[in-house]
Amino acid sequence: MSKQRRLSRIFAKDGKSITLALDGYYFSTKTDGIDNTLRQLPSLVEQGLDCALVTYGMLKNFKDELNAVPIVLRVDGTVNIFDNTVPDTAQVFSVEDALKVGAEGVVCMTFPGAFNEEKTHNLAMRLAQAADAWNLPLIVESLPYGYPVTSDDSNNPVVIAAAARAAVELGADIIKTRFSGSAEDRMIVEASGVPVLALGGPKTGIDGYFTFVHHCMQMGAKGVAVGRNITQDPHPAKVVAGLNAIIHQGATPQDAYSLYMAK
Amino acid sequence: MSKQRRLSRIFAKDGKSITLALDGYYFSTKTDGIDNTLRQLPSLVEQGLDCALVTYGMLKNFKDELNAVPIVLRVDGTVNIFDNTVPDTAQVFSVEDALKVGAEGVVCMTFPGAFNEEKTHNLAMRLAQAADAWNLPLIVESLPYGYPVTSDDSNNPVVIAAAARAAVELGADIIKTRFSGSAEDRMIVEASGVPVLALGGPKTGIDGYFTFVHHCMQMGAKGVAVGRNITQDPHPAKVVAGLNAIIHQGATPQDAYSLYMAK
Amino acid sequence: MSKQRRLSRIFAKDGKSITLALDGYYFSTKTDGIDNTLRQLPSLVEQGLDCALVTYGMLKNFKDELNAVPIVLRVDGTVNIFDNTVPDTAQVFSVEDALKVGAEGVVCMTFPGAFNEEKTHNLAMRLAQAADAWNLPLIVESLPYGYPVTSDDSNNPVVIAAAARAAVELGADIIKTRFSGSAEDRMIVEASGVPVLALGGPKTGIDGYFTFVHHCMQMGAKGVAVGRNITQDPHPAKVVAGLNAIIHQGATPQDAYSLYMAK
Amino acid sequence: MSKQRRLSRIFAKDGKSITLALDGYYFSTKTDGIDNTLRQLPSLVEQGLDCALVTYGMLKNFKDELNAVPIVLRVDGTVNIFDNTVPDTAQVFSVEDALKVGAEGVVCMTFPGAFNEEKTHNLAMRLAQAADAWNLPLIVESLPYGYPVTSDDSNNPVVIAAAARAAVELGADIIKTRFSGSAEDRMIVEASGVPVLALGGPKTGIDGYFTFVHHCMQMGAKGVAVGRNITQDPHPAKVVAGLNAIIHQGATPQDAYSLYMAK
Amino acid sequence: MSKQRRLSRIFAKDGKSITLALDGYYFSTKTDGIDNTLRQLPSLVEQGLDCALVTYGMLKNFKDELNAVPIVLRVDGTVNIFDNTVPDTAQVFSVEDALKVGAEGVVCMTFPGAFNEEKTHNLAMRLAQAADAWNLPLIVESLPYGYPVTSDDSNNPVVIAAAARAAVELGADIIKTRFSGSAEDRMIVEASGVPVLALGGPKTGIDGYFTFVHHCMQMGAKGVAVGRNITQDPHPAKVVAGLNAIIHQGATPQDAYSLYMAK
């Protein structure tokens, strides 16, 4: 048996994925809209949502809603929650915990170049070994110098690519990382050699986000791991519908935007 | 089997609880009245006390008195006992120890934003996992920036709510936290999604305390976890009688105060 | 089975104990007289000695002499032996080691308020749990702010009482601590709730020491844990005879002094 | 059974080895050419390549290419990847992991004299013991004061020899280290007492590198562990052909250079 | 079964021992002559050598030579090898490793009063317990304030004696320590209560060394643990012959010197 069975639940048959990040509570106090989105999960799945990144607490308190979608368990959490420049992460749960709750994979962060690089790399290393032993895919969110974009370097495709590859060499099966928006983003995908999900994107309206996602797919991304662009949008299900058009059906950003505005 | 069986011993049938905190010896040298209250436990139970938070030492030295009431074992203790601004807590006992002594649950603190956030979160994380494995409810006392109110932030319902939710996401089954007294306290209950017990309250007389408890219940609290307002009161059993009226019978603070003053 | 069997070897039938502390090598270089006293153990037992606190090394190198008396194994030792203001203690041996060598109990120190409070409390916590699991009594020597009296606080009965109770709450079965000589020392015994052995005493001659011990017994102590007042006295067996009179027979300090001076 | 079986796959029958270091991703972001070289491995083996040092990630993502050559698993990785003066290494994988993936040995670094000497020595010690228990050869890359040459001392054969011997005393079966280019390099080989592979070499063209390798063999080295001189050369297979001539056939640097330039 | 069987291989039938310290590679880069001496071991044994302190690496690379003599495994090594004032030692091997390689005992250092006292004492404590469990003698080299003589205190017999006794109390079976050359050295032997081997000695020629060894034996030492005075002497076997005369046959320093000069 291999990890393929579980990977086929995170990614659709076309090898692409719209993954919803609901795990913000472990890193930030800016969590508006997450509980609201959790309650609408079935309609998001209807619009094409493939997978959700969730916390352990949600699995205890939103059981029924989460049954509707394949889940990946966030296994690290910040230990400085009121300061979210570089989250100081610690391992919260294990691969075995993920198996117990029926998750299809686990996700953790690494921060190459940040003050806590060693701690995050050690965490990822240990998880990679356990994930391989249990045939559970590991998503590593490898963010150079920390969580937000704090310098040219932390948004430089060359640096992002090096950070992604380091995570792959430690055993990551999937990379979740930022894209800069430039044509050099292709390097990130090439360096990784494993599927890459794009996070983040501009805060300039849903049309800008659709344009960004289209760019990421052109660069070779296998989809998105999207948080606030869904949870803080007034119409989460419509954002998913738009993403579905771009990611699974090859639509243009304009088509996606029309879909979003329709009805 | 689930945690429900044990939760039904901490909370009464109406889902509410008057929980007496006798565990002050692990955090403070201001412990007047605790031993005296311990000796009166049977009459407190008679007046409606539901549960007691106790130390390991008490279970060795006050065995008979404690048989009268469901107990939750305090499993962390301070390691700087003569300085109680931010207790520097360490794990003292385990979920397994709690099972051995017949406790219905365990309780620990976390201090989001404090110097020892990482240590307390790691402690809570590990306890949450063990508590889930053994079906033992975990109460987390999640106090932003430390034990006492030291700034506007540490008493701000938005911040208290974020701290409570962080504990829930780590696996807390019950939250014990402070209420500010304002109408925004409802956020604390909403963010938690699990039962919340209110601690503390004004030091301006028993009538002021009853008014505070009534407010907390209005905000959605499931009861109180009360220490010095009982142990340092000249009439502990009467305080419990007043709380019983407010919490289990929907009485007004005035009714409770009349009960306290009666006889 | 309970700890009672082993407690009855540390304390005489009247519940009181003359315990000789021979474990100074783990904390200090002022060890004159210890080896000499070890060689006279049988005659001390003859005079009423109940128990001895010993090191692991002594059990290897003074086997025969130690067979004559119930022993309690010192399980912590200092790691800064040439500086004995606040011993920086570390766990040397375990409860299991004590069982192997046939000890009736184990003894360790805690230093509430000192720089290494956390380390000593963690040590005592772990020992308490092991001691409970194996039914072996644990003596905790709980000394506020460190080994010697360095301030008013470290010799204040209120503070000593708080330190003693903290150790009891962690699981201590017996407290060994200092007495200030004032009538407030009764608080130490009351706060503890478990048997208390008095250490130390004035360096102003054996008559002064007997007066101190008599005071401690009046305050509720269950005996003494005495080191240099025996090992550095020219007549160790006679000191024991005097203590026996005060502790087990209710004699006055004057009677004890007469016994000491006799023959 | 002994380690001989596995050593015979790392070294050719003449006891010498051309080992290709593809493990740069764990220490540096200067990794140009590694993926490209990986894809050409079969033709390198054809030209005489004996062994490759690889990462865990490569074994997941370049399975087919790596089947062609005996491999040694790099088990430590840097945790400060954007600063490669002294890599701050941590153990990433274990001897057991190496056995699972079919490696013939493991390789790690030590940095005697560097800030992290203790950490690297502890890592090597533990690996040496596991490697002996499993009969898997351990290559230690023992580099005084760190990865690059930063002072006369770090390139002094006396110092390099002491560093190499320290690793041997900890249990290394093979030493990988730098050679200074002087006749004193013989000391490195003599102090080691186990096979030594030379790393690095001048950046002054392939002919300079061949001259350096010839020198190392004269000094008693058993071969090379070569990275960028192959991966960043436009003709990796031809470099191997030249090394094969020098190392396995006793050719002069000039012969090797002619081979490299041929066709 | 006891440790006696193995002690009888470290000490001759007269209870005395000429022990050769070949373990310098773990503490120092001043290792001239060690490999050369290793190759002459059989002739040293012929002259009366009783035992050798060796490293793990030597047991792999000098197997045949070491078969000739009972060995004690050095189990700690420095982690700051280029700075040997106070070696910062760490545990390298275990009692179990010593059993695997057929050693008769293990040896480690402690540095009472040095910056790393705690670390070294913890190391010795754990070893003592394992050594007792396996019936393997433990030699502790207890050197106050560090490896070299750096102050009056580090060469003061009172201080050396306290350091030695501390190691004995932790469980050492044999003490290896320095002697000051004065008549007070007798205190070291008396405080220890277990066999003491003298290390070091003057660098003023072999006759001075023989005089020193004779002094140590007069003070009650049970022999020597000698390194450079043998390994850096041009005639190692003759030094052993001289030591044999003094230690096992009660000869004078002059007799020993004549033996050394003979032939």
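In order of appearance the chains are A, B, C, D and E, and numbering begins at 1 in each one.
Just so we're on the same page, a contact is a pair of C-beta atoms (placed from the backbone, for glycine too) under 8 Å apart; a residue touches a chain by one contact, two chains touch by 3 or more.
Just so you know, these numbers come straight off a predicted model, no measurement behind them.
Identification of common neighbours of subunit C and subunit E yields an empty set.
In terms of the stated touch criterion, the partners common to subunit B and subunit D are A, listed by label.
Path length between subunit C and subunit D in the touching-chain graph (shortest route): 2. Interface note: subunit B and subunit C, two copies of one sequence, contact each other through mostly non-matching residue numbers (shared numbers fall below half of all numbers used). Remark: subunit D and subunit E have CA centroids separated by 37 Å (rounded to whole angstrom). In terms of their C-alpha centroids, the spacing between subunit A and subunit E amounts to 60 Å. Touching of two or more other chains is recorded for no residue of subunit D.
Around the closed ring of chain contacts, the path that opens at subunit B and continues to subunit C reads B, C, E, D, A.
Residues of subunit E that touch subunit D in their complex: 25-26, 29, 31, 35, 55-58, 60-61, 77, 79-82, 88, 90, 92-93, 97.
Interface residues of subunit E facing subunit C in the complex, by the touch rule stated above, are 112-113, 117-118, 121-122, 125, 128-129, 144, 159, 162-163, 165-166, 168-173, 193-194.
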